[in-house]
Each structure stands twice: as C-alpha cells, then as structure tokens.
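There are two complexes below, and they share chain A, which is joined by chain B in the first and by chain C in the second.
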Partner chain A sequence: MADTTKSTTKKKNSVPATRAADSATPLLALDDVTLRLPDGAAARPILDGVSLRVERGETIGLVGESGSGKSVACRTVLGLLPKNARTTGEVRVEGTDVLTAGPAGLRDLRRNKVSMVFQDPRASVNPMRRVGDFLTEGLRLGGMSKKDALARAEELLTEVGIRDPKGALRRFPHEFSGGMLQRVVIAAALTSDPALLLADEPTTALDVTTQAEVVGILRRLQATHGTGMLFVTHDLELAAAICDRIYVMYAGRIVESRPAAELFARPRHPYTAALLASTPRLEEGAEPPTAISGRPVSLAEAPTGCAFADRCAFAVDRCRTEKPALVEDGTGAAACLRVEEGILA
Partner chain B sequence: MNRNLLRFLAGRVVGMVLVLFATSFVVFSAVHLAPGDPVTFLMRGRPITPESRAVLTAQYHLDQPFLKQYFLWLGDVLSGDFGRSVQFHQDISTMITDKLPTTLFLVVYAMVIIAVLGLALGILSALRPGLIDKIVLVWTGMAVAIPSYIAAIVLLSIFSVKLGWFPIYGAGEGFSDMLWHLTLPAFALALMFAGLLARVTRASMLDELSREHVEVARARGVPEGQVIRKHVLRNALGPIVTVVGTMVASMLVATSIVETAFSVQGVGSLLIKSVTAKDFPVVQAVTLLVVAVFMIANLIVDLLQPLIDPRVALGGDQK
Partner chain C sequence: MSKPKTPQGGPEAAAGLLEVRGLCRTFGDHKAVDDVSFTLPPGGSVGIVGESGSGKTTTARMIVGLERPDGGSITVGGRERASRPRNRAERLARAREVQMVFQDPYLSLDPRIAVRDCLDEVLRLHAPELGKPGREARVAELLDQVGLGAREAGALPKRLSGGQRQRVAIARALAANPRVMILDEAVAALDVSIQAQILELLATIRREEGIGYLFVSHDLAVVKHITDDVVVLRNGKIVESGRTADVLSAPQHAYTRLLIDSVPGPGWDPERIAESRRALA
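Our next item is the complex of A and B:
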C-alpha cells in the first residue's frame, strides 16, 4: 500500500524490499528515511534513503559495522533522534508516522507499542533503584496499581528465567550478573506487551555463553507473545541464525536485503560477501577469515558513488562516481552497479 | 545489614572520641603555647594582685604539672563545665546554651535558603543550557566569591537602611519575630554556600543526564519531569549531600561574621568577642563544639550515602 501512495515522492532507490505485506499495514515501515546532523555550516548526513519493513511476529536483522547508522536507524523508530537532527521520509509504526508525532503520540508509542532492549544492561538500568521499580515503571505510568504491576513483573521475571523472582524485585541491579540483568531488561521491555521489540546489539556486552541464552530467551518470548523484532547487530552469522530477513547497512544506506538463509548462502553485494568472508569459521576445512581491507567510512566521508567502492575488490571507475540504487532481484535487493555481472558467482 | 550498621557506628563513635580527645589536647595546650605565663595571658595583660593570681592559679590548676592540668580540665569539660568566661565572668556552658538556639535558628534558616536556592539554580542551569545556564554560572561565580561580611553590608544597606523592610540588628523574640530579624543574616550567610551548592548540583546533574539509563527511561515513555526527578536528580544526590554535610561546620564558623555584622547575640558573635578579648576558655569551648558538629555532620552524610547509592557499602569493607 505504501508503494502506490508514496511512489511519486520517492526516489528510485527506496523501493521497499518486500511487497508481501501490501494488503495490510506493516508493523514497522521505514520509507526513504534520511537523517542529517548539523555540523557547523554543512549538515552531516547519517542515514540516506533507508527503507525497511517488519511484519507482525517477524524477526528482521539490521546488520552493519559500527558507524553504519544501524543504531541510529533503530532509534528513529522510537523517535529518539540525535539533538538537532533533521529527517525526511517516514517511520510508520502500525501506520502512524513517528517522525511527525507529537509528545503524546510518542509517549503512547514508547509505552504501549514499541520497546527497546539496549546493548549494555549495566548502563541501561538505573543503578540506584530497585529492579522492581525498573520493571514496574512503565506499568505504573499506564495507571496500574503497584500490587498488580509487581505481580505482572514477577510473572515476566519467571518467564525470562530469573530464579526467586519475588526476591529479585527487591534487589538492586549491581546484585545481578550481566546476563541476568539483560534478562531483567528483556522482561521490562515486555511489560507493556509491545507489538514490536527493538534489540540494539542486545548480546554484544555479554559473555559468549550468556549470549546464546539471551538470544534463546528473546526468540522464545517473541514467539509466545507474537512480537515483531528488529534485531540490530554487527554479527551477520548471529543475524542469519535467528532472523527471517536481513538488511545489510553500510555508511548510512541499505546495501542489500534478503531472506536470511539466502543472504548467507548467496550474497549478491560485495560488502555482504566480504562481511561473511571476514567471519571466522569453525567447520573443518573452512577457509581462514579474510579481513575487509581499509576501514568503514561514515556517510559524510563517503565518495559520491558507492560508499564501499574504496574497499571493494570488484570496484571499477564507474563505482566511484555513480551512486548505485537498491535494485530488486526477485527475493531481495542489492545496491551494486555490477550486481548483474555475476561478479560474486 | 543491621550488624554491619552497628559495627560501622561503633567504629565511627570510637573514631570521633579519639579525634575529640586529640582536639581537646591541642585546644588546651594552646594556652600554654601563648607567650608569657598563663595567668598574665588569662588576665589579658591587666595588672594582677597576688590574691587574684592565687585565685586564678587555683581555678586553672596552674600549680599542677601540665598533663595533670589537662586531665583535670578534661574531667571538668566532660562533666559539662567549661569554666568561666574571663571577660563576662559567667559560666561558659550556660552562655553557650543561652546563645545556641539563636545560632541554630540562623543556621537552619540559612540551610533552607541554601537548599532551595542552590538546588533550584543548579537544576535550572543543568536543564537549560545556553543563556540561562550562563547567567546562573555568572551569578554563582559571584556568590561564591563574595565574602559573607560584604554580603551582610550590602543587604543591610539595601533592605534595612534604604527600604526599611528588615530590622538592622538583633535576633528577635518568638518564631515569627526571629524569622523577620534573621532573614537578612540568613541570606548573608547562605549566598556563598548556595552558589557552591548550585555549582555542585549542576555538575552532578549534567553527569547523570548523559547516562544511558536516562535515555532508556525516555525511550520507555517516562515523562520528562519524572525522568529528571527519579533518574537524574535522584542519582545526582550523592555529591550534593556530601557538600551540604561539609557546609554545616563552615556555616557555624561563618555565623561569627554574620552575627557580628547584624549584632545578633549568638555563639558566632560570642566567638569573635572572645577571640578579640583573648577570652581563652570560651574560645576553647566553641572550638570543641565546632569540631563535634563537623564530625556529627560527616557521620550523618556517611550514613546517608548507602541509602542514596546502594552500591556504596557502609565502611566500604564488605564485598
């Protein structure tokens, strides 16, 4: 539906990656979102024409290196914009635009529809208040009585596998391990029974063993609550393991989007391929990881053409001057000028 | 927790007794460190008859060895007898208990002003960067730099002499009259400390405002007012309480200047009069009082810290 109403105003590179949801309003739709920060006189671009979709109950991965703009994109969904940021495009949650929403609309969105799990549980929970206060804060704002809110919090703590949930409510964040605290954060995110969960690198700050547990809990709860999830990570392999569909970001742009298994098996953008090749493999006879040469650039310092051109093994002169559009190719889309040449085959 | 608390309290009380003991020794020895013999010092250079010398020698046990003199004096002090004022020929304990309510009234009144003004300006400054922040910073910078006797003179000349809104001297009788009389002294006393508190509040708030959990609270749809109250200000309390604690004793000392400027008969003005008149027993008593208040205030601050931040363990030896 977005296509017909918006296509006149949209640029050619913002064709939504999926048309499956045309019949119903998607849970989350970013349409050609551009975000710029004032940096002295010249505005500094952070996001450029980002479009993505999350349907109800679906897990969508947003993958990229640090500085690619994936976290910023994720935060726009809650209307959490950097100071003085200027945006164009639309971020719609269940059809309502977030970027033009007033304070009341934003509050409703944040309290009832969308929750976020942040990277570092130590930093994201107020260390001076009890875990019970943290868990019930949202519910109490919704007008629930303290007793009911605590009962609901206890229920959710049990669900995320905290032992002695009643006692946990009385304890302080520093009395929990990082993994346990992230479970508390996930429980808190689910108190409002949101339709959409944003997970911004929820396992990056945790031990490897804890990571698996936390991802497991997220997946299980998401399934039982029917929550859609936008999973932001730099770990393409993790994303491929849990997501239905993955968007790959580079320097503020979506460079490829595809169903997870297919992206993993047959990446069509050289950046995705390089990202996969740089992941160490455990299988026997696997090739050693190859690092991507050069360093990730931000959108502001990217050349006029393809932002990845300088690090790309397949780049030709044209790549440095001509900006590639995100072109659909059946199951997904890739933004590479040479995608049709079969360079990755 | 309760056993920890008791252990902590016991340790601190023992520490306080030791510090007071050391202070009392220094305070007592000072008489003997002053040039000339103690009797001449105590008589402040006036001619002495052999009879009065004998009376003084007996009163201050000056015929005893030094250490014995100290313990005899300490015994008196512990039983509440600080001796008699050389200047006013009055019992010092009675003098201090008579004047203490006025000084306490003044200090508490100033404390309220400091808390309201300092917190309000600090919070305002932290939440409104730009022009308002700059104005508050300039104002607090001035407030911190202006000594209380200058503040006293300026306040007196404007509000008492020119406008006639407040009395020029005295402490008044009864609550409302005292409130009226002590308003200018309290402001004179409070200005500098309020500036200091505003600065500390601002810095502590800014530190907390940049924390990720504050952003998380906003992301959860917590209204901004509640974010500021329950997450920013609440977490910024630690340094604020610490600085208020250290202010109490400094304020007690600062009352000497303010009370003198406004002719308020309190402990502070008594200290000034006693120092100028070399009324040594009174100076000793007030000094001990200030040290005791300082330590009690610090003890209260230390007891409050774990309530503010649960990560702070009492005594710091657990965990």
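Our next item is the complex of A and C:
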C-alpha cells in the first residue's frame, strides 16, 4: 500500500474530460483514497487508503457492517463529499479524476456516466411528481424532445418489468409498492445509459422474492448494456451470489478483497470469517449465526493497530500496535498481520 | 431474574399460550387476513412468513390490539382479547400480556425521552407495586439483560445505533413482563453482525424467561434459527404450516418453495425465482 499521507497537490485537468473510454483504462478506479472530516469532527478518517477497481460489465461487491464507509465510498464516486471533507488519492471514472473535476466535469459525470440507486426508493423520488416527469427530467435536460423522452421512458419501464408502462408514467410514487418503485428508480438511473451503476443496498428494503426479481433485472440490464456495477450490501450471501469480486470494508479500510467464490470458500481475514459466521444460513444442518463480540469502531476512536483487534479471536499484542497493510496473495489481498500463519485454516 | 416464568404447566399449557382462530380483517374490498388460525405453545416460537402485503403485520396488529378483527378469536392464557375490553384494568392486562417490537424502533421510541426514563414509564404503568427504588433496580436489570450500559441508559434514541435502539425496544417490551412478544421484522433493518447479536439475545431471553415469540419475517434464513413452528401466509391465507424444520426441508406448497428459493445462497437464480413467481400468480 502506498503512503496515505501523501501530499494533496493534484495535477489539474491533466486528463481531458472527453477522453475516449479505451479498454486499458479501468471504468472505475479508486487509488489510495483517504477522506477526513475537518479536525475535531472525527478521530480517524472515514475512508482510509481505499483502493478498488470496477471494469466494464463487472459486478463488484462492497460489504461491511454499518458505518464502515460503504455509502461514503459510493458517494465519493459521484463527487458528493461530506461538508468540509478533505481528500487525498484519486477517484477516476474512465480515466477522469472526480476529486479534481470542476462543476462542469461533475455535471457531465452525473448526467452521462454514473448513476446511483439507493436503499429506500421513496427517498429518491419526489412524492408530488408523476413518475413520467421524474423519468424524463434527465433526458429533457440532455436536449431530447418531450415525445422522444416519453417514448424512451416507456421503453425503460418495460425493460424493468413494469406491466403497464404508459399508465405508470401518469401515476404518482405512492401508487407503487416498494418493489415496483425501486424498478422505477432503476429505470431512471438507466435513462442516461450510464457506464457505471452504483447500487447502494438497492434491495435491502424489499422482501426476498422481490429482491430476487430486482437483482435479476439489474443483471439482465447489465448484460445487455455492458454496465459496470458497484454493489453495496451487508448481505454476504447476496454478494456471493451476484458479484465477480468482493471488497470487505472495516472502519474505513479495505481489509480483504477476492473473487466472490474464493472469499466465501476461504476467507483469510478474521473479520471476513466473522461476518460469514454471523450470516444466517438456510441450508440443512447450518449452524446458527454467531455474533461478532464487541462493537464497531466509531469515528471518535482511532485505534493504533488493527481496527478489528479488539473483537478478533486471533489478536496478539502486535495487532494492537502495528497497522496491517493490505498484502496481495494468490487470489486477492488481506490486511492482517497473522494472515501468513494460516490462523483460519 | 426477578420472576422467571415456567414455560410448562399451568391450566393453559395444553391449550397453548396464544390461540388464534379464524382471524379475518378486510380493508375496503381487500381481504388482508383471511381465516388465519394457529397456536403458540407456552414458551414456544412461531414464525409468520410471507411476501410483502401477505398480511403478516395486520395479523400481528390484531393480536396486540392495535387493529380490530372483523371475525375470529384471539386468546392468551384462555382469555379472549378480540372483543373490546370492558374496563381499564382489562385493557392494561391485555396490553401487558402481549408486547410488540417493530422493524424500526426509532419510529416507536419517543425521541425526547432518554432510555432509562422510557423503561421507567413502562414500569410505572405495568408494575406500580414496585415503587421508585424497585423500579430503579428493575431498570438496571433490564438494561443489563439487553446489554446496554450506563452511557446508553442516559441517551436519547437519536444518539444510539440501530442495534442499540432495537435493544431498547426489546427492554421496553420486557419491562411489561409479557407472556407473548411479537417481533415484526425486528431484525430486518440491522446489518448481519448486529442481527446475529439480537438473535442471540432473543434466544437467551426465551430460554430464561419462557416468553412466547411470534416472529414476523420474510427472511426464512432468520426464521429457521429463531422459531420452532412456522405459518406461511399468502394473500392473507395460510398456505402451509408446521414445524419449521419440516416445512423448510420438505415444503408442501409451491409458494413456500418460492420463498425458500428466494433466499440468497448457493445455486440462487433470480431468473428462475421470477419465473416461478409468475407461474404462481
């Protein structure tokens, strides 16, 4: 891992915003991103040296418990930072650094390249406006005629499985169930034909059958449009079922990353293993879920060593004083001082 | 604990602690709950599962007394509670017997009242015999039981995490010394590690107190680990019920199969789930 305290000086606009998306440039790259609140507001950074990649057509999972920084990481990709936050590192979408992009660059990014779907569909729509207006807004801003925009909106509603798309355009959000409204929100996110979709717990508020349908829709759309997706969830079973690769976050740091199947079969970080053990399983003979003892690290605490040490069954003295770096291994990477010892085997 | 209740014995043991028979509720021309019957044995745990809109919450609300049934009967310890209470004492006794914990306790906790006072309030209502020192001791005991410390005791709900708020809601329910606790999606909003803590807490409380649980959820993986029996609701009707282990390992109804297949895990296939859902519609 690179030094996280490196200077904040940035090359201004060194990459033209219009640069073509060539296949060598990752769709999304976070490189050593650190995000701090103003002095006194927090004892540790919200994001601490986070690096991750999403390629075109890939689904990448970001998992971790509440408060670990998943949503902040997502919002950073859109250039939405907490007030007065300071950042170091780079967030590049198709090569363009988001953190140094000006207002015009950010507008282009949000309008044409990246869309986000949030957990609660009701919070992302204006309850007073018809679904049709909500869906066509972005298209109209992009210069499309009203007629064409409505036709496109209807097409998208059909794609996300809304049966009477014409009728749906005239209806208000409260006339939809949670699952149906989340489809509308996904349709809206797709109006710009984004290269990257940020899905921040898009199915957490839905029941399991509806969740399956919504995920099915996301996957189908992704296959046809080649969209890359960063999928945030705390449900490891869900992440394993849909993601190509998973990043595990703890207290603002990536503590493990690995192809989904491998992470599931053989986690190397004790936190990942603990998270797996706390997931209730349906398989016959499955052990009851085991809680992780203790509580997560708050922003007011800045542990000197490994942030998970206080809750870790394998922690030794060294873990409380030395901060483990994320070290690459055969299939991924883990940030644990004892990973070499095969403590989880 | 002050008064551990024995799960077995008592005149109603054979009859079941909570008996629901032919429960119905219609909204407009929509039958939200349609002829629902089940039994919760003393100290038992029954799950109510079904997709969104299947009538789980409406059933729960009728049992607590937040919603009046159109028909059917609900008894706890043999006493009917579907009818209007005759007087204040009866209303209080009913309120005390059955306590409910909701998905988001933030909405059900008064934002201006600190945790300690919130518990004290319940004790004043349901355990006036305790007196002030007795209440103080009981509040401390309840906080300890749900794993909350002194800092949390003095805090307002907004200063607590989701998991801590859910502990407060459970402590508040326990303060009434109920015989039945209804948990409506009580762990659905919590992330898995906190969810596991609350599930462990609930298991311990059931073991120690012998309180019966009615556990409402759409997540069968959770239901598997916290209930003995399960009732599967679809469009307000029971399509299947039985021992949780049996229903999950050998579901008899296609809808139960669908709910099981929907839980993410090895072999999870969203396209197939969507297909079977359409086939059932």
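Just so we're on the same page, the second predicted complex is superposed on the first by the 312 of 345 C-alpha atoms of A that agree within 3 Å, B and C clash if a C-alpha of one lies under 4 Å from a C-alpha of the other, contacts with A are read in each partner's own complex, and residues count from 1 in each chain.
Here is the rule we go by: contacts are C-beta pairs under 8 Å (C-beta built on N, C-alpha and C of every residue); 3 or more make two chains touch, one makes a residue touch a chain.
Note that the structure is a prediction, hence the values are computed from the model and not measured.
*Asks:* Based on the shared chain A superposition, would you classify chain B and chain C as clashing or fitting together?
*Replies:* fit
*Asks:* After the superposition on A, what does A:235 contact: first (chain B), second (chain C), both or neither?
*Replies:* Only chain C; A:235 stays clear of chain B.
*Asks:* Check whether A:102 is in contact with chain B, with chain C, with both or with neither, and answer first, second, both or neither.
*Replies:* neither
*Asks:* Decide which partner touches more residues of chain A, taking chain B and chain C as the two options.
*Replies:* In the superposed model, C touches more residues of chain A.
*Asks:* After the superposition, just quote the angle formed at chain A by chain B and chain C, using C-alpha centres and rounding to the nearest 10°.
*Replies:* 70
*Asks:* Thinking of the overlay built on chain A, is A:207 touched by chain B (first), by chain C (second), by both, or by neither?
*Replies:* Second partner only.
*Asks:* Could you say whether A:330 touches chain B, chain C, both of them, or neither, answering first, second, both or neither?
*Replies:* After superposing on A, A:330 lies clear of both chain B and chain C.
*Asks:* Considering only the touch criterion stated at the top, classify A:143 as touching first (chain B), second (chain C), both, or neither.
*Replies:* Once the two structures are laid over each other on A, A:143 reaches no partner at all.
*Asks:* Please state the minimum Cα-Cα separation between chain B and chain C in the superposed model, rounded to the nearest whole Å.
*Replies:* 9
*Asks:* Once the two structures are superposed, pull the chain A residues common to the chain B and chain C interfaces.
*Replies:* Correct list for chain A: none, the interfaces share no residue.
*Asks:* Report the residues of chain B in contact with chain A in the complex, numbered from low to high.
*Replies:* By the definition above, chain B touches chain A via 211-213, 215-223, 226, 230-231, 234-235, 308-311.
*Asks:* Touching chain B in the complex: which residues of chain A?
*Replies:* 75, 78, 80, 106-112, 115-116, 118, 120, 123-129, 137-138, 141, 172, 174, 188
*Asks:* Help me check something: in the complex, which residues belonging to chain C touch chain A?
*Replies:* 51-53, 161-163, 189-197, 199-200, 203, 218-222, 224-225, 248-249, 258-260, 262-266, 268, 270-271, 273-274, 277
*Asks:* Could you please specify the touching residues of chain A with respect to chain C in the complex?
*Replies:* Interface residues on the chain A side: 65-67, 177-179, 204, 206-213, 215-216, 219-220, 234-238, 240-241, 274-275, 278-284, 286, 288-292.
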